[in-house]
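You will see two complexes here that share chain A, one where it goes with chain B and one where it goes with chain C.
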Partner chain A sequence: MDFTRRDTLALGAGAVALTVLPFRVNAAGEDAIAEFTGGADVAEGGVNLDAPEIAENGNTVPISVSAEGASAIMVLAMGNPTPGVATFNFGELAGSQFASTRIRLAGTQDVVAIAKLADGSFAKATKNVKVTIGGCGG
Partner chain B sequence: MADGVRPRVKAPRSAEAGEVVTIKTLISHKMESGQRKNKDGSVIPRSIINRFTCEFNGTSVLDVKMEPAISTNPYFEFEATIPEAGDMKFTWYDDDGSVYEDTKTIKVG
Partner chain C sequence: MISRRDFLQVSMAASALVGASGFGNWARLAAQQSLTQDQLLQFDTFGNVSLIHITDIHAQLKPIYFREPEVNIGVGDNRGQVPHVTGADFRKLYGIDDGSPSHYALTYNDFSSLAKTYGRVGGLDRVATVINAIRADRPDAILLDGGDTWHGSYTCYQTEGQDMVNVMNALKPDAMTFHWEFTLGSDRIAEIVEGLPFAALGQNIFDAEWDEPAELFPPYKFFERGGTKIAVIGQAFPYMPIANPGWMFPEYSFGIRDENMQAMVDEVRAQGAELVVCLSHNGFDVDKKMAGIVKGIDVILSGHTHDALPEPVLVGDTIIVASGSNGKFVSRVDLDVQNGKMMGFRHKLIPIFSDVIEPDKDVAALIDEQRAPFKTQLEEVIGQTDSLLYRRGNFNGSWDDLICDALLSEREADIAMSPGVRWGPSLIPGDDITREDIWNVTSMTYGKAYRNEMTGEFIKVILEDVADNIFNPDPYYQQGGDMVRIGGMGYRIDITKPQGERISDMTLLKTGEAIDPAKNYVVAGWASVNEGTEGPQIWDVVESHIRKMGTVTVQPNNSVKVIGA
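What follows is the complex of A and B.
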């Protein structure tokens, strides 16, 4: 089989599309981050995100987040059909910037916590959670 | 209103002025994510609690925006500062417009 110049280009374009595709999954998560931060830079560290390394049941995965002096913390599950999980807004009487809850994870993926700190900057923590049974039904 | 929704809150009855106390809340709710399908293959519509707030004497302690990825029977644990005696009010907002409330009175001293 002979490859013409046109065929080769088409094949190349197809291959590029295939490699780009997996990253598209994260696009919704990136959008959610951009909306929360307003496009500002996000530094690593400054946020604590506690989640189990292996979760047997994706329906209830206990997590806790804390970030000293944060006014808000957003939690995202990057591999879920909708990446948003929860946004904690801490009020004047919050005893500490800490919250704990239980979340659903569709499968093994990264859980991300982004905190809006007192000085207006943003910090981020990421944790990979392995899920044995996904929690989205279906 | 969804059936069988019952809020449960664990908060101390009394605290020292300025003390930081741990609050635990749980509300029974199925939190239908809108992702699941029934036997016919049609999607079960989303029905979740989308917001939870906690206030002490009208001042905000915590305000949580909730998405479908919060588990069935949403549970929250957090900390609150108690400056004076008063009422701690917990409010859950359902997708269908229902509002569930619970109040705990905390004494000082």
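What follows is the complex of A and C.
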């Protein structure tokens, strides 16, 4: 079967240019957490983080966070070159402490949400989101 | 007082008895040449509700051979648990005699010789007979199709699924969920679904833009049967845009969404559902995990991973039923629902032995009608096989070895890659290979065979990525396929390691040299999920190769060394 140079070029362009190995946790993420919490202890639970187990598209991953009574929720993509995603601040009159957005993930990594709760304590939720090259579905 | 749990266990024993009366005797019965349709269908009607489950038909209208896997490794908590039990261990577990019809239907050993004894399986005209017989016992039985129905054959490809829609409509299902159907493209699936005379369900089918439930696919449907309010909740394949080309259906988003599943269960219970059934295309291990997280599902009818289990698996108070693939089995589940609770069940996995079960005449005629316009193309003999050709297995199958050989030779490549899909019937030694047979293992809407240069490092990245889709110890990260099949290259895999560390000793077979991470290799493959892939269709590549071979002989493949199984 013949294949032309054009085929090869087109196929090359179609090849996946995605790095899929799990990303190392970035020290900048830990620094951002320390800055947000002022070094206070962070408890597990008390904050909900909804994110897909496997991203359908690593360039736009829908996530949502909520924590009852929180004054702020910080979201970090721990494996991104720049881990900071957003910090959502909720005023006293906020009807609910819920936010959703879409984030870009450079590869498989933990997404972390840290909430500053009403009593001034901090709570954390972590979800590992896989970014995969896909294919081969049964 | 007997608790509900006791009832379930008592009924499980009853179910095992049905299995014993039906299953264990078959060997002897067959030896007496007296395996009959009545025996296959024998079932003491139980309780007040009957469910009929069929799934993963992959457009197999006619009887076929289908060899179950030899290698099906479970990881994490599922290590050594069903469905990750095969061969003699499987027969021992379920008390199946060697050489019996159940041996042939459910395990891989001696497949070629047993296939000659017991013949082909499946055929939707035979399935129709079984469904009609169950409906004769229980006229308001609910028939549920687990999806992967409108994909997988020459006629299905040519008619964009219409052949399957026409024949399935004649079987009168009550509801369906989806996977490969979406690879027809969102316009075509919308066109079909809008005209379906039954419910198209998927609580996890969302609008991608707004992240809201997709209007076309309601999460659940209520049925009132036997004086019982039954809610059937659909669960489509969660990883469609990842495992299949998302660009073909960009409007949709999926995912497991077990929180929404819980919300739907709570919603239907609040509306008075006395029995909650989940019609799922999650795959078995994902369903098991979900059953432990979501509370209030009575029955999960499980599809996607093509497992056939003679008894349901119990997780908490939920029973999980796995009904095989390619039209080879139909499950009947009778339930006793009293005062809003499932008090017990009786179950039978009915193998569709095509020589034993009489075809339904109307459905047989309807099937022939679908195939008539393509008869010449379907029946053309391309070659013969001296070897058993099958696909199932975690690392390779002889069909895939043949496809990889075709890619290496027809596309002049160093290395070939074939997707680890689980569909595709088998052929036994001595069989003709027709064009239909080739399409049965290759047909898809993104079948172009690419030819590409990849570095050794990138090939490893691909293998590591796919391996983690199978061997990640958390089922929620498993996509339910098998390992990508590799031609021209050997490797070693330690399934117990994390992603990035499983694959080693990659060797180019034609030179015996280690794969150089920095060097480029010519790789030929098919079923790329990337838009704009170019090349000849894989079925043309395989047909051309088989024509040149005349008679196909596939040597045993020992190029993958598996550690930690």
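One rule holds in what follows: the second predicted complex is superposed on the first by the 107 of 138 C-alpha atoms of A that agree within 3 Å, B and C clash if a C-alpha of one lies under 4 Å from a C-alpha of the other, contacts with A are read in each partner's own complex, and residues count from 1 in each chain.
Heads up, the rule we're going with is that a residue touches a chain if its C-beta (ideal position, glycine included) is under 8 Å from a C-beta of that chain, and two chains touch if they have at least 3 such contacts.
Please read these numbers as outputs of a predicted model, since none were measured by experiment.
Colleague: Which partner does A:Thr87 reach: the first (chain B), the second (chain C), both, or neither?
Modeller: A:Thr87 sits against chain B, while chain C stays out of touch.
Colleague: With both complexes superposed on chain A, which partner does A:Ile133 reach: first (chain B), second (chain C), both or neither?
Modeller: After superposition on chain A, A:Ile133 lies in contact with chain C alone.
Colleague: Tell me which partner A:Thr108 touches in the superposition: chain B (first), chain C (second), both or neither.
Modeller: The answer is second: A:Thr108 touches chain C but not chain B.
Colleague: Could you say whether A:Pro52 touches chain B, chain C, both of them, or neither, answering first, second, both or neither?
Modeller: After superposition on chain A, A:Pro52 lies in contact with chain C alone.
Colleague: Which chain A residues are contacted by chain C in one complex and by chain B in the other?
Modeller: 100, 135-138
Colleague: Quick one: in the complex, what on chain A touches chain C?
Modeller: Residue list for chain A touching chain C: 1, 3, 7-8, 10-16, 19-22, 50, 52-57, 62, 100, 108, 130, 132-138.
Colleague: Spell out the residues on chain C that touch chain A in their complex, using ranges where they run on.
Modeller: Of all residues in chain C, those touching chain A are 179, 208, 211, 237, 239-244, 246, 253-256, 259, 283, 304-306, 410-411, 419-423, 450-454, 461-462, 464-466, 468-469, 474, 476-477, 479-482, 484, 498-500, 527-536, 540-541, 544.
Colleague: Touching chain B in the complex: which residues of chain A?
Modeller: 59-61, 64, 77, 80-82, 84-96, 98-105, 135-138
Colleague: Mind pulling up the chain B residues that touch chain A in the complex?
Modeller: On the chain B side, the touching residues are 20-22, 33, 35-37, 54-56, 59-72, 74-83.
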